[in-house]
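Multiple structures follow.
There are two complexes below, and they share subunit A, which is joined by subunit B in the first and by subunit C in the second.
Up next, the complex of A and B:
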């Protein structure tokens, strides 16, 4: 557990690191924003068990590793050192190693532009000036966003022009083994103009003995009628911490479809907040995870219905073995006047090991009356009659459980439109299954 | 909030008597009301006034000292103006008969009208309206007949103060063992200054011959704003306890912080039903009771069972989470709740089911109805600890919205640490069914009647758990509470 005594040196260390950073190029407002963020961080400190939104996610790993914030040396590793890609994307791939863009950005089809943050202030000045300060910085719950903003330097802006299809882009986040733990910050901005269409696939991986924290803040803006597909496949190492926050602003009739697949990580937390600001916007958020050992995965989803006729769905499945811990917090807020809203939340989990723990909290906050909202959450085991049925067909108990457990996660992968991709992800889940009750904790 | 402490050397009783004069608050010297404010002397004064033993005073003082270190909880989904705890008077002796209305003619006609709608029997109206007891009927005789029967069964049912005098060993053994003084801000406050309440003890193997109701306990209506209830059910015993009544309860005190502790030993069963209809404030949201209650049952023995049923329609603010600690093997916890908020009422209510023993089961059925500008939140915790093998929970919480300005919220916390557990939670929130309304209207049923029919159906699962007379009254109560919510 994080406590004030343990946290103080980190807060001081990082605040000190901020003062040591040379104020790099960028407009004045950015320098002010950075200072303000550093100030906020210094005031609020890190979240702890008493911070409501972090109560189930202690920062033990982080405290142990006490990562330093310093720019990683630019490296150009051989392609063999980097993880295999999970998919080949039509518009190419961007490599981000230890929180820094490496290699050249790919040639992109017309309508899709990729701009490193440092060059973005000219082309997207006004947008960034509006967007970057919009990230919430106050309080311990937002400590990592404040840090990310204070050290805002590395980043990428993805822009898709009006009424064009930007195809699909793969972001390959990787971390190599390091002798000392570092905290790397990165800012991703995704802008889809009216009627644009795009698919963003992110792959997070790290070398088995890599440590430290990757802290990514992603800001997405979908103009009217824009459609974004967003897939994350996470297979970080057991010592790695991945903290990500994604905010999605949605104009009228836009559509956001998210899939998060967690198959690894030491401490992984993803905060995803969608703001349905325009009439008829739709958001569909899906996730599946399978955990073993002492892994910790926390999915914090929040959907804010601020306009009429919007719909949202949250669909999460989790399998927990070993001494792992899973956290799901799904919140749906329907603001006054957001009539005709529809909200569905579903979170089902399988606990396979006596040392594993699942904490789930599906929340509804509703201030309008013409709405339909429902949620369901379960934590349990496989249906014994189903296991029995499999065994009558000649399968071993272990095999039956493996198949049924995998099928439990396939309920999410099946929702992917790309069949081949769905198959590949499903295969990853099959391989990651902790097996039956007996082999809990082992892969 | 300022919790000033005066020096303990001050002569307590005299000091306050003088103070009363100084401020000229109270002219009647015989009346015993402490001036506003809380410090150790007030706690000592209350304890002395109730002629309590030393250990209880120490217990109160310990609670008071803890309270000083605590802050009011702010996590609930409630908007509360800060309460000035030094502006409250912490003890007020029951009204004497001459201060009460002498007959029903002196009672607010609006109140009588409500009794009529609720179907409160004529002979009960006077008592409920607080008409001087002697002027109406001999309540003592009702009480004594009742007591004789209980005595024959060996059941102890008395006021808390009486229990402290007559059965100190039982009170000492169980008081604060379910809700410790440090539990939360309001529980600590209650422990320091509790006025009175009920004590129930059911001996081994006894099935309480009747449903116990505060209604029959003499002076029950005057237990004040800090009520303390303790119910102990020994092995293999059974009791059903009713608290509150459907008739609107008016009270001068805005802040109510009660504590209820239930202890169920092996194979014992406690059923605790509440109908709460404190003054909810007017249509504008002015006034109304703040109700901060800590209720918890401890299923200490194997195969014990505690069942909470509540119908919450009153109070401006309700902060209440009747809970079960399922310690004994195969113990069972249940929570059935209907919470209605109309006008500007706010409720943050729910339950906690803490599964510790193996094969424990719990069930939560919560129905929230929001109308007007009411804000209604269900907040619940289901925790399956590592050792709770084969634990089972089912939770259903449904919310109904009537009107544009209201809100319905659900905050269920589910923490599962044992792989053999089965936990299911489902919740729905929707507007009152338009097609159902339309169907009723089309059959010639008025809109108001249709709404109350639909609401009644919505709450049926909970009403079914109430003792019969209570259920009938609860239905009428919802109708009255929803008046003006439609159309």
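Up next, the complex of A and C:
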């Protein structure tokens, strides 16, 4: 392959790995798509500081570890070796270990089907042929989607039939410690037919010394009136990289509700784009994170209002201690003709340490009429008047700071409808809070 | 209960209190009046231990203890309560949770057993009944989105639950309409007790129509300029603080002596 501008030893290494993959499974169009994707990442290379959407998220950790792309050895660990589940889901649990489906898929209620990607080309051929090539591959900003597509093998298709409540499903992503760092790709396709309802909960955890990259691309399609709740709870190791890219296509009156809770990870980036394509569609994207040490969390949210009377909300809260770094980029585009749209955005961040850094950028582009828009972004310290107020009621300074810091994230957990689950997540945030100003860098 | 001697305090390097003397006995209600900038709020903040208020001379003795040596939370645990002029909004912290954490911190300090949520709820219901307050405040975040009147009522409610020995009400009447003022004042009156002293800091006399003090002090230029009975407040209301500054103090002192 020609050495392109962005080519690095890593790209060379991965291109080599691509050529070594036996191209057997799947239809012809998929082989072509894979080759095209491989060509794209070979040409564009990895995102760097000049790539606008990756400017604040350097890939040092990944470059240091130089993960290889190779299928993980099949493993069937004892359940005790896997992390505890954060919730008991009504429609069962799917285990994904080191980027591979393990164990049997759960028996699902009528209307909900779970299909491994390898088996999906029969049942969902036409949909996949439309959906998989729709993922953007060009340019360094999309390098990881291109990689994910080139190595497309492991994946899961979740389908909920028309006017059916598919209940809730837990995806338990785990990574065990391994001697060499790997980059694992996984494709998740979530299809809700008209009027369907579903809750998808994902938990991401890794063994304390596990390294490498998990690169998940998720494609969601919500038909008219469909409702999807989507929650991610992430507690990865300090050496682990997690990259997620989620695109949500929404037909009329559909509703998407997302909660991203990041309580760990080394380098974490969530890209989430919702396309409000049908009248009256609604998307509500929430996130909270607490970081210490040198952890890095980047939320790149983009909502595209392409129809009339749609509403969107982005609500993010971050607490940063140690030498951690956070990024929030919230874009909302109201296209011409998308009149009567409502768009809200709120992003507030608390810096607990002088070494922590937060980059936040709201981007509102409005080209339609009668649009209701509000946005606010803040980066600050704890309100010292509030600390004093609490002390005058008898609480110690440490306790006051701890309560105030945790409360910051509770603003997000409180938006969860399930009160028990909200309390459990709030408790996880409380436990993860850095003790206060004096404990910067410590958990 | 409280003995303040020759208190000097600075805020941001500027002298605000310049030799203040004040003594409040158990069960007494004292009003501190004075023009803007006289040091009324500074006095409350110094007693509560706010950072940035530096005591440069004098002493504050509370129940025989040197108050100035204690942290704000220790003062609270010793029974001092400051009702804020501007109660702070704390989004994400439930009012009930906050108050229970505060009460239990104080009980722990005093070596008393902490209250579990059932015991606490029972206590809270009793206090709400005494103050004739609905329980809507309980379920909300501390002061978040409260109206001016609700915030002040919440302060009085906190005071009722924490049962302080010395309560300082800092401009509790500010920003209240007459109905809200009456409600808050009634709440304070129900909390008057033989073992509880109250310092009412106010700019206007009207609050004192509802909370009738035992003693009225006029604070001017960082000192107590005059002290007297409730009539003194009326006199001030009638004449205004300008009169006071233009030599009225002398007249007042003579009146007080007479």
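Going forward, the second predicted complex is superposed on the first by the 436 of 443 C-alpha atoms of A that agree within 3 Å, B and C clash if a C-alpha of one lies under 4 Å from a C-alpha of the other, contacts with A are read in each partner's own complex, and residues count from 1 in each chain.
The rule we apply is simple: a residue touches a chain if its C-beta (ideal position, glycine included) is under 8 Å from a C-beta of that chain, and two chains touch if they have at least 3 such contacts.
Everything quoted here is computed from the prediction, not taken from an experiment.
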{"item": "Residue contacts on subunit A - larger count, subunit B or subunit C", "value": "B"}
{"item": "Partner chain in contact with A:357 - subunit B first, subunit C second, else both or neither", "value": "first"}
{"item": "Partner chain in contact with A:394 - subunit B first, subunit C second, else both or neither", "value": "second"}
{"item": "Which superposed partner A:404 touches (first subunit B, second subunit C, both, neither)", "value": "second"}
{"item": "Contacts of A:377 with subunit B and subunit C, given as first, second, both or neither", "value": "first"}
{"item": "Residue numbers on subunit C that touch subunit A, as the complex places them", "value": "48-51, 71-73, 75-77, 81-82, 84, 87-93, 98-99, 101-103, 105-106, 109, 141, 158, 162"}
{"item": "Subunit A partner contacts - residues on subunit B that touch it in the complex", "value": "75, 77, 384, 386, 399, 401-431"}
{"item": "In the complex with subunit B, residue positions of subunit A that touch it", "value": "52, 56, 336, 349, 351-354, 356-381, 437"}
{"item": "Subunit C partner contacts - residues on subunit A that touch it in the complex", "value": "383-386, 388-397, 399, 403-404, 406-411, 414"}
